[in-house]
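Please read through the structure below; I'll follow up with questions.
As written, the chain order gives the labels A, B, C, D and E, with residue 1 at the start of each chain.
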Amino acid sequence: MLIEQLINGITLGSIYAIVALGFTLVFGVLGIINMAHGEIFMVGAFIGVLTTSVLGWPLWLAFLASIVVTSLLGYLLEIFSLRPLRGKKGVSHLAPLISTIGVSIFLENLSHHMFGAGNKPFRTAFAEIRFEIGSITIYLVQITIFVISVILMVGLSVWLSKTKAGKALRATAENLETASILGVDTKKIITLTVIIASGMGGIAGILVGMAFNSVSPQMGLSMGLKGLAIIILGGMGNVKGAMVGGLILGLSETLLVAYGDSGYRDAIAFIMIILILLIRPQGIFGSKTAEGR
Amino acid sequence: MLGELLNPYYLQVLCFILINIMLALSIYVPLSSGQLSLGSAGFMGIGAYTSALLTIHYELPLYVTILVGALLAGVIGIIVGIPSLRLTGVYLAIATLGFGEVIRVLFVNWESLTKGSVGLTGIPQLGRELLKFAKSIGIEPSALGLKNNQFVYLSLVIVLLIIVLFILWFVIRQQNSRIGRAYSSIQMDEKAAESMGINITYYKVLAFAQGAFIAGLAGALFAHTIGYISPSDFSYHRAVEILIFTVFGGSEVIIGSVFGATILTLLPEVLRFVSDYRYIFYGIMLVILMAVRPQGILDLYLFYRLKGKRIKRGTS
Amino acid sequence: MVLEVKNITKRFGGITALKNISFTIQQGEIYGLIGPNGAGKTTMFNCITNIVEPTEGEIFFNGEKITKLKPYKITEKGICRTYQNIRLFPQMTALQNVMVGGHSRISAGVFRSVIRTKSQKQEEKLLKEKSEELLELVGLGQLKDQFAENLAYGQQRRLEIARALASNPTLLLLDEPAAGMNETETDNLFDLIKKIQSMGITVLIIEHDMSLVMRLCDRITVLNFGEKLAEGTPDEIQNNEAVIEAYLGKEEEETIA
Amino acid sequence: GSSSTSTNSGGQSETSIEDETSGEVIQAKIGVISYLSGAGAAYGEAITQGLKLAQKEINEKGEVNIELVIEDSAGEAEQAVNAGQKLMADDSILAIIGPTLSTEFFAVAPEADLNGITIMGTSTTADGIPEIGDYVFRNSIPEALAIPAAMEKAVKRTGAKKVAIIYGNDDAFTKAGFEVMKRTAEEMGLEITTIETYQKGQSDYKAQLTKIKNTNPDLVLASALYNEGAVIIDQARKMGITVPFVGGNGFNSPQVIEIAGDAANGLIVGTPYFGDSTDPKIVEFNKKYEEEYGKKPDQFAAQAYDALYIYADALKRAGTGEDRDAFRDALAETKDFEGILGLFSFNEVGDVVMDVTVVEIKDGKFVEFEE
Amino acid sequence: MLKLTNIETYYGQIQALKGIHLEVEEGKIVTLLGANGAGKSTTMRTIAGLIKPKRGTVEFLGQNVTGMRPHQLLRKGISLVPEGRAILSTMTVLENLEMGAYHRKDHDVKKDIQNVMKRFPILEERQSQLAGTLSGGQQQMLAIARALLAKPKLLLLDEPSMGLAPLIVAEIFNIIKEIKEDGTTVLLVEQNAKQALKIADYGYVMETGKIIIEGPADDLLKDERIVEAYLGKKKTTV
């Protein structure tokens, strides 16, 4: 049972991690918590359902469609709810928070109108492929999820720390104006980031749909909350932190259910961040900044 | 005309507006000291459950239980506020949001006390208790030209209004004083404030606990207004809703909270005619509003302008 | 002896910003702290006000050890500072900024503030009057209702000084107050600091504008790479070879009339 | 008295009736509080659709003319109370149907009772609902009735000794269902191998199910709304849990089959409404509903549909659409009303008296449970 | 090379520039003087594209560049060292320098970084320290070094000597002269008016959003009004 539960935990954790990566990326660059990320993820999942179950497209095409749509959503999000707030004086970190909450409310209710309130089944043959090792069943989807999450994490960290674009991104994150006088097209960088993050949300959405066969307009919220907890846990804006945080949360939720009281499952994420933050206020991988100049 | 005005529906909505104003203030106060605390839903729950359980099990008078509920929330606010000092900005926001969730999950799981997610029914309603009291001292609503029902809601509204006015009075006076200046200076630059001789630990915890107290009070009053509570009343949605009240109205000035809570409580009621689409509207509206007025509807500059001082806001 | 700095060392990881620094400041002096960039001057201020805790050493203020006190306690005792990178409260008016400075000199708590007792009203009134005076003193009387963020750089610097003065310090720490000021403005600043001295306040000043430092200071300590390079009167310092070498440079400048 | 749907064969042809009887038509305004936006809006949708269909039919027949004033509650007690107050304050409104959730109902019903306006839940299944007051009714069978019936039959057939329970612990309704399950299991002397919970919006139930699987139960009792329930049963089957599931009324929906597909086979529920019954009334209802809304009705649509007929019936007996008290008294006397759910009566407190049908999903369809 | 015609710039409703005419000739050092709040920084920010003027035009190399964004202007050859340093404090010193050459496509970047580090040895020593933990003056050096790496045609320097030790100030002025010799045009804002005028070819003096005096630097050095207002009445005796 332990091995099965570990597999469950790692699968869940990997999904959390992908969702958290999207949060982290946007936070890292814009210093904004994108509260609509969960809903973009949800839309990604719905596109998956729509393309595979309804239109009968092959899976790879569904992935593509989902990435395209969520990226587009990211683009729209940036244009309509983030860009207008940028560079205005007196814009606290509250404004983008509320603005993206607005988008999340909008998206949730819109997809509710379009797709109906209930769960939609996600049917694809791929999700049925499994291996039996002794009494343990492993689904190919589970492996895929883990692999994708690792690829995304490694890719992102390399991109951020090693490439010029990555540095430009970090510069933009720290100070828009400075980055722009250094020749960074900040508008482009920001838009790109939001698009990438959203596309990753789309990937996560379709993976969740496949793994758990359930897609509903509300799925964004709980996933979003977990994602938030994770980026805090791992340290805001930190790619490695998102991955480790995701896995820790996935595993601890699963193990709590397995060996503890499943009633507290929703609280474990927050109990953990509260504990961690008390020990390391900047998160596991976060860094401190200097004071007193 | 009076009968129309005293329509219980309007009065009921008014009750929720008043409670929501308190909740908005419970975010505003810590925010005015630079702490974005999203724990209000949790503190509200603590106040609500405490007061409800005390009235149900011990039949204590409401004014006692409501006060105990608020105080307990305040005390827990201190306990939570101290470790939270180490956190700032979004870290604090999410940790306190998490605190609220933990509280909710506790209500769900602590069944022997809270009846879990089924919730507590039969909580005495404040207005009705007032009616009973009025009758016991020989005041009949009919003597005032009111129906029983009108009396119930009218008295409820009046009590809530008095409490809200009191809190407003308190917060405004506090704000225009040594305490308020300390809060704002911490909000704007914590380290600089400390160098100016301000004990930031003390003031931050104070503001945090005041917010918790107000939220607890609002929660207790909520329980005795609606008569039924369950853990889902104190969920993430509530926390976010409260935050939106404050930010929508304008988090820089206190009337922003009042204004935001009022408008946003009315909005779903007003938008009932588009019922199916109202949350879609609501979402769009938030986005537009933030784009147009990122400081919320009312901001410091507008506020000063209204007071007749000529100050202009620059942009950079 | 107002301030006694005793063997202060401060390390940041591998960097030693201050190495075993000691000096003392007498009542009523204007004391200069100069040295090349990165010498550790600001770090010294941070240690005195305990914004960063010194790694080793002790600091005494009026004979009392203040090394481990919370920053606000230190202000209460009578040390107040300005920052090298201006740190005003941007969305408060100039007057409010100064009144915050007076925080530790009045005492009303929540209760008295809300009830508005007589004593509270009285102390608020006095503080306000005093703050207005201070604004006049630094030449910002006209601008008292402007938000700090809308003031020009030089005005902001002077506002910081007024804010610090509001805390009734016996020792005022100024971190590069003349930065960004032209010479005329620097002259005005000179007058201001002299006035502050005449109010009985001891001043410790960090500054790179030598014309100001040399005119103003009674004594000077020079830091270099965290170490004390020299201490003495302006004359001694100006003629100290080591200081010229490390900091001042050979004077090629002729005075203009 | 009864009102059946027999004369109306699906069209809107009989406009003439209105003209003939227009003089004596009883006019009534009925307020509806329904969960129309938010997470559980699917239920509110089904309910309002059921009501609207019934309204159309009733009005076409012409004896009574019902106007529905529908308010959204978004599933929140506060909003439900507001909506309730709005309806109650409107003197022209005779009675109320809804709100959808027991949690909302608990907040609204005491108000209605004190205001002297009849309120009836069509989907509220928690304990203690009709007991709130004289003006409070429901036509939804409580879990306390449905679940034991299903469990008894299931145990009888499978000979189950060990059961595992999974339920949503943060929802009043699923929690209430769980309590009934647990109580019943204990009364029946079953061994409960494990009790697992989940929370709203969760999509991964594998951890709980792995645990359940390892305790080898003979039956899984699942108190869940269909949204989650369908996913649970689907994931369970994928993991190799093949034993039957017994669910509560929230589980009783064609949607379960829609979502879970073959995995839904082996789900047993007790229900007042059996959608695939060959009863002509139900066939008829299904047909009309599908014509109107393009999908099969579920239990909630059916209960709402019947509810409005029950109201119409009471209206006729009360003889007026303006007297709230007369209406209440008439309603309370409802006896052996013949709706699509079968024979229906209120007991003394206003709760349901009716038979429970136990159904199971077999080969992708609901069929009557055979022992 | 650079020509500002009738520039008016606003911060919200506050008008900071009230019709600026200014010209910078290729290969020259032009200095912009003025009291606090005169609008010098605003002028620089307008040229660099950080704020859009409400009226007026900016021409660079004969092309109208009004309203272009900073990164586009940088590509055209305008680089700004802003007031108050604006270093990237969460990045290392080396990364800051690399960002200075962000828009360059040539392969000399590494070599050039070596060269500026020679000029400011402290930067070499601290190359992997987080820039935010540098001392104030070290940060200023970093900002200048970074701008040099952009190899601009026109370098805008907003108070480069602020917060620097006298030795370094002298060094900075030397560097500015060298830059000019290398063919880079410089527009310099300085509080240190005397020094600035000494190295400049031409000067402008601003007051409350307007240019009030202009002329060759040598003339300005002797101008009564300027001596009175900006060079201090008291003798600078060092």
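As a working rule, contacts are C-beta pairs under 8 Å (C-beta built on N, C-alpha and C of every residue); 3 or more make two chains touch, one makes a residue touch a chain.
All values reported here derive from a predicted model rather than from experimental measurement.
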item: Smallest number of contact steps required from chain D to reach chain E; value: 2
item: Common touching chains of chain D and chain A; value: B
item: Centre distance in Å when chain C and chain E are each reduced to the mean of their C-alpha atoms; value: 29
item: Centroid spacing, where centroids are CA-atom means, of chain B and chain D in whole angstrom; value: 35
item: Inter-chain centre distance, chain B versus chain E - centres from mean C-alpha coordinates, in Å; value: 51
item: For chain A paired with chain E, centre-to-centre distance based on mean C-alpha positions, whole Å; value: 42
item: Multi-partner residues of chain E (at least 2 other chains); value: 12, 14, 133, 136
item: Junction residues of chain A, two or more chains touched; value: 89-90, 109, 221, 261, 263, 266, 291-293
item: Chain C residues counted as touching two or more neighbouring chains; value: 42, 51, 83-85, 91, 150
item: Complex contact set, residues of chain A against chain B; value: 27, 33, 80-81, 84-85, 87-99, 101-110, 113, 221, 225, 228-229, 232, 236, 261, 263-264, 266-267, 269-271, 273-274, 277-278, 281-283, 291-292
item: Touching residues (chain side chain D, partner chain B) in the complex; value: 36-38, 70-72, 74, 76-79, 81-83, 85-86, 88-90, 103, 106-107, 110-111, 114-115, 126, 128, 169-172, 174-176
item: Chain D contact footprint on chain B (complex, rising order); value: 7-13, 16, 105, 108-109, 116-119, 121-122, 125, 128, 149, 226-233, 268-269, 272, 275-276, 278-279
item: Chain E - residues contacting chain C, complex; value: 14, 33, 35-37, 83-84, 122, 129, 133-138, 140-141, 159, 162-170, 191-194, 227-238
item: Residues on chain A engaged by chain D in the complex (per definition of touch); value: 1, 4-5, 8-9, 11-12, 109, 112, 116-121, 123, 137, 139, 208, 211-214, 216-219, 221-223, 253-254, 257-258, 261-263, 265-266
